[in-house]
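Next come the structures, one after another.
Next, two complexes with chain A in common: one pairs it with chain B, the other with chain C.
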Partner chain A sequence: MRRNIVIPLGLGVGVLLVVFLPLIGGDYYVYLFALVFTNIILASSLRPSLMCGQLNIGHSGFMSIGAYTSALLAKNLGMPFEISLLCGALLAAVVGLAIGYPALRLRGVYFAMVTVAFVEVIRLIAQIWVPLTHGMSGLSGIPKPNLLGMTLVTKTSQYYLVLFLMLVILTVLWKLESSRLGLIWKSIGMADNLAQSLGVDIAKHKLLAFALGCFFAGMAGAFYAHFIRFLFPPEFGFLMATNILVYNFVGGRGHFVGPIVGAIFLSLLSEPFRGSPYETIFFSIAMLSTILFLPGGLITLPARLGGLRWQRTASAPTSSPVA
Partner chain B sequence: MTASLLVQSAVIGLSIGSIYILMALGLTLMFGMMHIINFAHGAVYMLGAFVIYYVFFQGGAPYFAAFAVAMVLLGVFGYLVERGIYRPIKGGIEPTLVALLALSTFLEAAGYPVFGQLDKHVPSVFEGTRSVLGVSISVERLMIIPIAAALVAGLYLFINKTKIGAAMRAIEQDKEAAALQGVDVNMVNGLAFAVGFALAAAAGALIAPIFKLDPMMGDQPLLKAFIIIILGGLGSIPGAILGGLMLGLIDSVVATALGAEPAFLLSFVFIILLLLFRPAGLFGYAP
Partner chain C sequence: MSLLEARNLSKRFGGLAAVSSLSLSVETCEIVGLIGPNGAGKTTCFNLLSGFLSPTSGSVVFAGEDITGRRPHEIVARGLVRTFQHTTLFQELSVLENVLLGLHLRSRTGLRQLLFSRRVFPSEEIALSREVLEFTGLAADADQLARNLPHGHQRVLSIAMALAARPRLLLLDEPVTGMNLEESARVMSLVKTIRDRGTTILLVEHNMKAVMGTCERIIVLNFGQKLAEGPPAAVSTNAEVIRAYLGEGVEHA
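Up next is the complex of A and B:
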């Protein structure tokens, strides 16, 4: 009875907070939450691939492709943001198809190793293609995002842009996951041999799920490029790729909200030590302890705690007869 | 490229290739038995190098004693990782990979506050140069080759001639059948972790006097080892040795001619093509 009120109430407060955050909080919170929303897009876009049982440790590489493509198209060719964003996302998806086609036909571990190496490849390309990317000096002077010819000057307007982008992407991903396609992904992840014997083309579906994730990671990267307005190759390295994976595992892989919960929880908690080694230490401890002690992730925590409480009252029914 | 430069980069490639082989052997041994990839292998290599820094350079112990300390310490660590991480997860491949990845990022990140922000240097152990085919090469780099070869030979004897080695091969073929024959699968898996970690530590200990030491130093050799075991075929020990020699040579010769980054990009393109046309690797079984 009480739980029926708590969840909608919490959601309502959350929605109000997110919508009116720029009015209540200062610039710092606008900035912070725009990055949290970017992380949510990244984490959720990894989910289809993970559902198929594919460990993609290279998501930041696709984010990097989207970021550099969109930034360079807008900066050098003056392309409008809507188009450059799409181009960045498309290129990320195409590269995803090219890498995924050979790697996904094999066992999962091959795919994991290839994606790890891929992150390094993208970082190196961004680093040595100096005439285009400015290499290790970093790419600066990226134009602010614009919509329908109007430049979004303030961080607040960019905050609403990424909020909108996130909601659209989450809706698309949710629709796909609750369609027949989501069922196929789940069946591949649970028992790919069985799925194949029932006529599912597993290689094709794994590849599609992977490329879809790359597309949205590219989109997140494109927004990030125009929001931060400075790109530096090592930023999109191995650590960011693991963080995206950590959001999924710590949040929980059993449900659509898992990566969202994980991204919000970890981005906010790690904020005090962002950029220092302690951020990574925090992430890795969160990851290890989740896998060892809470394999279902944070989303299973309420049920677990509820189960504990129930057990306690069940084991000592006479001590508290009234409550 | 002149002939002498070619000889020099070939010999250096051979010594770097030996390091890669030590890394790849542990990975491929653990994969063959448990079907996991140890993502923490690069961090173990880094720790092996830091043991040399503290025990040999700071502590003043003889180099080979420090070398043995590195292998034993990290071997024990490997056994503990099997008990504390691999075994509790009970064979879930995906969670195990992610847990090992987390262990790796933890060890690397913790390296900064523990070892300090500055790069560390270990002084030379084998001084001087030796002339090979008319080209002078530092003894430091040359010495890697026989030491690594001795370790590889030791591993070969261990796997093929001892009872534990036989148990490892049995688990690789069929874990359940091995358990039914009385093999203590958990214990032998733990020993495989120990052997793999000790070999990675040896690789780091060999490289410590040559390269600068920093907590992220293991990332590059780990990626190279990945490429090698894909090249040689996952689970294949001869494949890992031949793949390591090939990559060491390609790496060194191409890097001398074009630079280190193109060499890495080239090897990545190569494995993608290999996966397209010969997915089992050059020497491996069908995946």
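Up next is the complex of A and C:
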């Protein structure tokens, strides 16, 4: 962790740039970066459960729950955005607890399969429950987000809203990860039986990490609903779930900034292909090249490049002290 | 009353009886050795006692309470802590962090502290961890990554982590495996010091010199059953035990 003083600094400069983006860039960039921030929330909120060693390929399902809940509450009941956003996030977390409680007893690929099934079930519910969600015609007419009674009419104001939301969520996640709780997540991911032998209730911690991620995914979904103002069930399918996972792998799983870097990098690069079949191909290639050439993800790239120069001197094997 | 009592403990994996109707007891402040040839059921026995496996039949009573079928973390909370033969450390964490995790049950970190405290760990937890490291002789390695420690220190660290959990009974699974004479002597004297501070010890070990020199009582397992039990001198001259370890000399001659 000591070696990464540069990264938070770089992040600080990046945040400054991002704050003034609406002044320099046009509407398109505002719109694009609002989506990038949504993706950052999604990717980072998956991290706690990934740290516990749980491969969740159903994160977009929780985003979908947050999106539909918030949109329907605001549209049908005229609920203010702050409250509908919280309701969406809470419902996503509650569903997360309900799914996670039985599923987290499974390990590795078996758990992953449950989450895949889950995301498809949620998509089908959104598709079939026509009276409520309008099914495949899509849910339209979602009100714009409002704060303290004021509607955020422009995309720029909504951009600042999601920027603020993202910073709050990232701060919370960072605080949790760098606390004792984060150490527990890491320990469960590294050796769950050893963690258990030190008194860690691994079932409880896995479940809480999972539900925490669902909560923030629901929040991202809620913002998305009021930003795009149109929801279409297949959007939140398996494909988006794998993309969220790929952000984490391509960015790197070893550090908090991994999913952030991954989400920025991939969202921007995949922008020309968004919605086309090439998007899948692009993400597959990104994932495969990461596995093959940069297993630690993009965050290890600077060290890798620097390491090439040092390799010859530093590769002397450390002898084990055998007397 | 014994601190730990296993009554007719059995564990079957399909047709294989890894442990069958094993009864053993450990008194407060004893050092007991559990030995036996490979595959005798020693580690299975540890897993049963610490809740990592639930027995097919039989029960485990710890400090007067039936803990059969309790989950591992609940058993740790009652003061029965174990170490592992293989996964002994969180390799990618620092030595200090490893011990801090051992403090898990004693930590009272609330949500408010998680979100708003500037300090990651309360200073008393750091102090307690350093105390444990000092006691086990690892203080100088506190900031190293666990995987960078030499093997001997890694094994000691796993004991330090268990100690941080403040055990009443410590189960050590092969604490001196792969160590040279000097290292294993040092660990064994550490084990005695831990006992002198009031922690009861049950250990599995293949290094006979270490076992014979440290344990006050030895239980020998073979094919999941108790073969012999007694003080080291009696066990090491027991004909049955010698046969189990060396085989039937006559048949193979």
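Everything below uses one rule, namely that the second predicted complex is superposed on the first by the 297 of 323 C-alpha atoms of A that agree within 3 Å, B and C clash if a C-alpha of one lies under 4 Å from a C-alpha of the other, contacts with A are read in each partner's own complex, and residues count from 1 in each chain.
By our rule, contacts are C-beta pairs under 8 Å (C-beta built on N, C-alpha and C of every residue); 3 or more make two chains touch, one makes a residue touch a chain.
Because the structure is a prediction, the values reported are computed rather than measured.
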Query: chain A residues in contact: does chain B have more, or chain C?
result: B
Query: In the superposed arrangement, which partner chain does A:Leu292 touch: chain B (first), chain C (second), both, or neither?
result: first
Message: In the overlaid three-chain picture, which partner chain does A:Met166 touch, first (chain B) or second (chain C), both, or neither?
response: neither
- prompt: Thinking of the overlay built on chain A, is A:Leu181 touched by chain B (first), by chain C (second), by both, or by neither?
  reply: second
Query: Of the two partner chains, chain B (first) and chain C (second), which one does A:Val116 touch, if any: first, second, both, or neither?
result: first
Message: For A:Met219, using the defined touch cut-off, is the partner it touches chain B, chain C, both, or neither? Pick first, second, both or neither.
response: neither
Task: Considering only the touch criterion stated at the top, classify A:Val246 as touching first (chain B), second (chain C), both, or neither.
output: first
Task: Would you check which partner chain A:Ser197 touches, where first means chain B only, second means chain C only, and both and neither mean what they say?
output: second
Message: Output check: A:Ile128 vs chain B and chain C. Expected answer is one of first, second, both, neither. What do you get?
response: first
Query: Is A:Ile281 contacted by the first partner chain B, the second partner chain C, both or neither?
result: first
Chain B and chain C contact sites that coincide on chain A, given as residue numbers: none
In the complex with chain B, residue positions of chain A that touch it: 53, 55, 57, 99, 101-103, 105-110, 112-114, 116-118, 120-121, 124-125, 127-128, 238-239, 242, 245-246, 249, 277-281, 283-285, 287-288, 291-292, 295
Statement: Within their complex, chain B touches chain A through residues 31, 35-37, 39, 85, 88-89, 93-95, 97-99, 101-103, 105-106, 108-113, 219, 223, 226-227, 229-230, 234, 259, 261-262, 264-265, 268, 271-273, 275-276, 279, 287
Query: What part of chain A is in contact with chain C in the complex they form?
result: 172, 175-176, 178-181, 183-184, 186-187, 190-191, 193-203, 318, 320-323
Task: Provide the residue numbers of chain C that touch chain A in the complex, in ascending order.
output: 50, 52, 71-73, 76-77, 81-84, 87-93, 97, 100-102, 104-105, 107, 109, 113-117, 120-121, 148, 150-152, 161-162, 164-165, 180, 182-183
